[in-house]
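Presented below are the structures under discussion, each in the form of structure tokens.
Next, two complexes with subunit A in common: one pairs it with subunit B, the other with subunit C.
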Partner chain A sequence: MVGLSAGEKHFIQGGIAQDLRADGRKRLTYRPIYVETGVIPQADGSAKVKMGATEVIASVKLDLARPNPSQPGKGKVSLFVSCSATAGPMFEGRGSEELSTELSVALQRCLLGGKSGAGAAFDPSCLSIVDGKLCWDAYIDGLVVSADGNLLDALGAAIKAALTNTRVPVANVPAGASLDEDPDVDLSSQETTRIDTSGVPVIVTLTKVGRHYIVDATSEEESQMSSAVSVSINKERRICGLTKRGGAGLDPSIILDMISVASHVSEQLMNKLDSEIAAAEADEQDI
Partner chain B sequence: MEYVNPEGIREDGRRPLEMRHLHAEIGTVARADGSAVFEMGNTKVIAAVYGPREVQNRSQQLNDQALVRCEYTMPNFSTGDRMRKPKGDRRSTEISLVIRQTMEACILTHLMPRSQIDIFVQVLSADGGTRSACINAATLALADAGIPMRDLVTSCSAGYLNSTPLLDLSYFEDSAGGPDVTVGILPKLDKVTLLQMDARLPIDIFENVVQLATEGCKAVANYIHEVLLENTKQLEYRRGL
Partner chain C sequence: MRGIQLSLNQTQRLRLQTALELLETLSSKASLNASVTVADNIPVNYEDGVLKYKPEIGDIIVGRVIEVAPKRWRLEINFIQDAVLMLSSMTLPDGIQRRRTAVDELNMRSIFEEIDVVCAEVRGFQHDGSLHLQARSQKYGKLERGQLLTIPPYLVKRRKQHFHHLEQYGVDLIIGCNGFIWVGEHVEAKDDMVVDDQVNKSEQHSSKSRNWTSLEEQEQTHTPAETRQNICRIANAIRVLSTLGFNVTLDVIMETVYLSSSLNLEIHEMLGAEFCVLVAESEAERRSSSAKRKG
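Here is the complex of A and B:
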């Protein structure tokens, strides 16, 4: 990324203080969001989300597997994010590892819930085929194609859209088949079921620049941040995950204030996303 | 196994000499100097070009020409079965090398000494012919970046199954184990810049198959030409000319 001059930094910070950012937005306004589903034909579910110049792709792939013995009625879900070198030469070779790990862990925390499975974004029991013997393993992969700030929010939105787009094949296991070896699972029926994604949270990242917080920062604005708090909130306005980034310390009252601002913003974002995803799904079916 | 049925139709409904549907978009990655998305059927590839810019590793700097670097990656989800290692495996390294050598031959590197041009190619969806799609996407991205080139480079693959030469193999046909010939040409100069083949072919049939792939390359060149022309018209329009 090209460095910023002192004048440009002053301009960005001053603009934010006056509620007029460099691209004309207010502090709590998102960039236009575009959602497209079904972009990866080989995946069971996929989506592409664009927020300004930030572009991310999420895909969901399902594989047959044995469920975890401690959770026999649920499928396993794993989530990984990687940054493509197309987003910038700093992501070439192993350069993207640090950022990819940071994003993966933050998303896992927000979407996958705890070790007991509590608090997950969607109920993994919809992935179970035969209790204790056979289930679907869901692999959620995120790919950052173009990076211009606010990657976490975009990835959260893309994963939500990809999960909504996922069609779980209906597997018919012949009655009386021995399930201790590999059973003959009949996947020939074209029926599919969908995953209930009404409980999937959205992630809102608030970036603190000077004394104010902004939502959906571009990478230039992010370079001026003192700290950032990402809050994941679901439809019931409950917090599903929280991550703080950045070196500067924050007064606890400021964190509480940021959470309440995020909660307020999340409602608009949730509605916008839901309508965009529904429109994208309808478009895809028309094609 | 039957790859071409008795009526002469392939598994995906095409005729033997028919290419898959082509689609390209320019300028998709805003932060890159040049970028393009290229689709051949279900194979979808995105290329981004960063450069010419200052060389990052001084020891690699060339005093009389530009340094061209290329990285090819396939994410886990792009193929039918989820892959373990997205970067650094041998096939990716080999294809990165192939793309770099092909593009280096056509870029006028002597015009940009002591600089570096990075080409990053990311496969989004793989269904056969990824090598060719990558080269086509890289050509478009380089053109979008305004990097001077001798000519466009276009690429296409062809094979030979059930005694029929087939143009533009899909993954299903490629995995049949028959010959797979990939050709890259400079269409205006009418020169071959890339030729790769695996399995074996009798020499007279080999000539036919290479000829077929070359025709495919020319068809891709026509399409790329149209896309670039349309893009230039859009740019002119936006400037108010």
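Here is the complex of A and C:
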């Protein structure tokens, strides 16, 4: 990304201070969000989300596996994000490793919950087939196709849409079959079940530029940030995860203020996302 | 519709298609006695040189400084090669026509630094094909207090004027032939100044830009809110026209801005799907009514 001259930087900072950003948005306005589901037919669930020029794709793939002995009634979920080289020349080769790791860790913290499974985005027991012997492993993959700022929010939205789009095949295990070796699992029935994603949180990133916070920063605005706080909030307005980026230190009162602003913004974002995802699913069924 | 990156619902898609088809038929009618039949579609990679900027002498362009080299600046201008602006082709701050001395060479950074946005004119081609620029008159030079937009170069047609001072908005609009467009607060062209004054001013300016002492100081020098709104509206108008693939000229930009203010749209709504379709429809209407008047 090319740098910005001093005059342009000044213009951006001035815009944020005056609540009129370079594309006319207010500080707490999101860019138009576009959601499309079912973009990867081979995956069990997928979605593409576009926020302005930022474009991300999320996919969910399910594999049969043995559950964790410490949690026999639940499936396992793993999450990983990678950046496509098409997003920009700095993402070629190993350039995107640092960013990918940062995004993956932040999303894992927000969506996967703790070791005991508490606080996870969705209940992994819906992935269990036979208690203690057979379950589905869910591999959630995120891909950044085009980066123009606010990658975390877009990825959070895409994963939420992909999970809503996921169809878990119904597996019939013949009774009495020995499950200690590879069992014959019957997947021929076309039935599928859905994952309950009503508890999946949305991620709101607040970027601090000067004295003010903005939501949904473009990469130009992100280059001017002093720090950014990403909060993941669910429908009950509870915080599921918190990440802070950026070199500048923040006063604790400012962090609390940012969390309350994020909580306020999350309600609109949640409603908008839910309606967009529902519309995308309806579109997909029409096709 | 070359894969327009918008999320349109069914009705909007239909409306956009109708408008674009109407525009296509109008443009083919304009060329009398000529009929074109599409025999074959050859997929073209739009990134290649087919639709790149094709420079001509006398073009006004906007570029970004990427290197300060001995006696010249190198600028990036959306072309396959970088352009060169010689120190001798640039008016000195004191405005006197004289030989550039070694002191001038050492002070090049006080005129333009890396990543500054600069406006200049194409003077000629160098032997290796790269461009030679000049910035001899007062209207060329560094651009601050605004934003730079990038659009495909083939959307900019060569006109008599590329500098537009929009008085009723207090905005400077520079449509570079290379697809870089500058929209910013209006800055009066500097008059010739005495050397001492200029040196003091440039010292103040450079110290200001290097260490902003307090936020209040910054806020005092910010663009006024009204001008900023106009800048954002014009910038969004250009973005919409670029998405639709329409030629970007002053008339079309102004039409789009009037349309958005007459509809009382919020500035950020100009980037939504609905406004995009409206712009296409109004452009189709405008051209069909002007074609009827002629024909």
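To be clear about the criterion, the second predicted complex is superposed on the first by the 287 of 287 C-alpha atoms of A that agree within 3 Å, B and C clash if a C-alpha of one lies under 4 Å from a C-alpha of the other, contacts with A are read in each partner's own complex, and residues count from 1 in each chain.
The rule is simple: contacts are C-beta pairs under 8 Å (C-beta built on N, C-alpha and C of every residue); 3 or more make two chains touch, one makes a residue touch a chain.
Everything numeric here is computed off the predicted structure, so don't read it as measured data.
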Touched partner set for A:Thr86, first subunit B, second subunit C, both or neither: first
Subunit A positions touched by subunit B in one structure and by subunit C in the second: none
Residues on subunit A engaged by subunit C in the complex (per definition of touch): 2-8, 10-15, 17-18, 20-26, 29, 31-32, 34, 50, 52, 210-211
Residues of subunit A defined as touching subunit B within the complex: 39-43, 46, 53, 55, 57, 59, 61, 63, 80, 82, 84-89, 92-94, 139, 141, 143, 145-148
For the subunit B and subunit A complex, residues of the former touching the latter: 28-32, 35, 42, 44, 46-48, 50, 56, 71, 73, 75-80, 82, 86-88, 118, 120-122, 124-127
Complex contacts: residues of subunit C adjacent to subunit A: 5, 7, 64, 76, 113-117, 142-148, 184, 209, 215, 218-219, 221-223, 225, 228-229, 232-233, 235-236, 239, 266-273
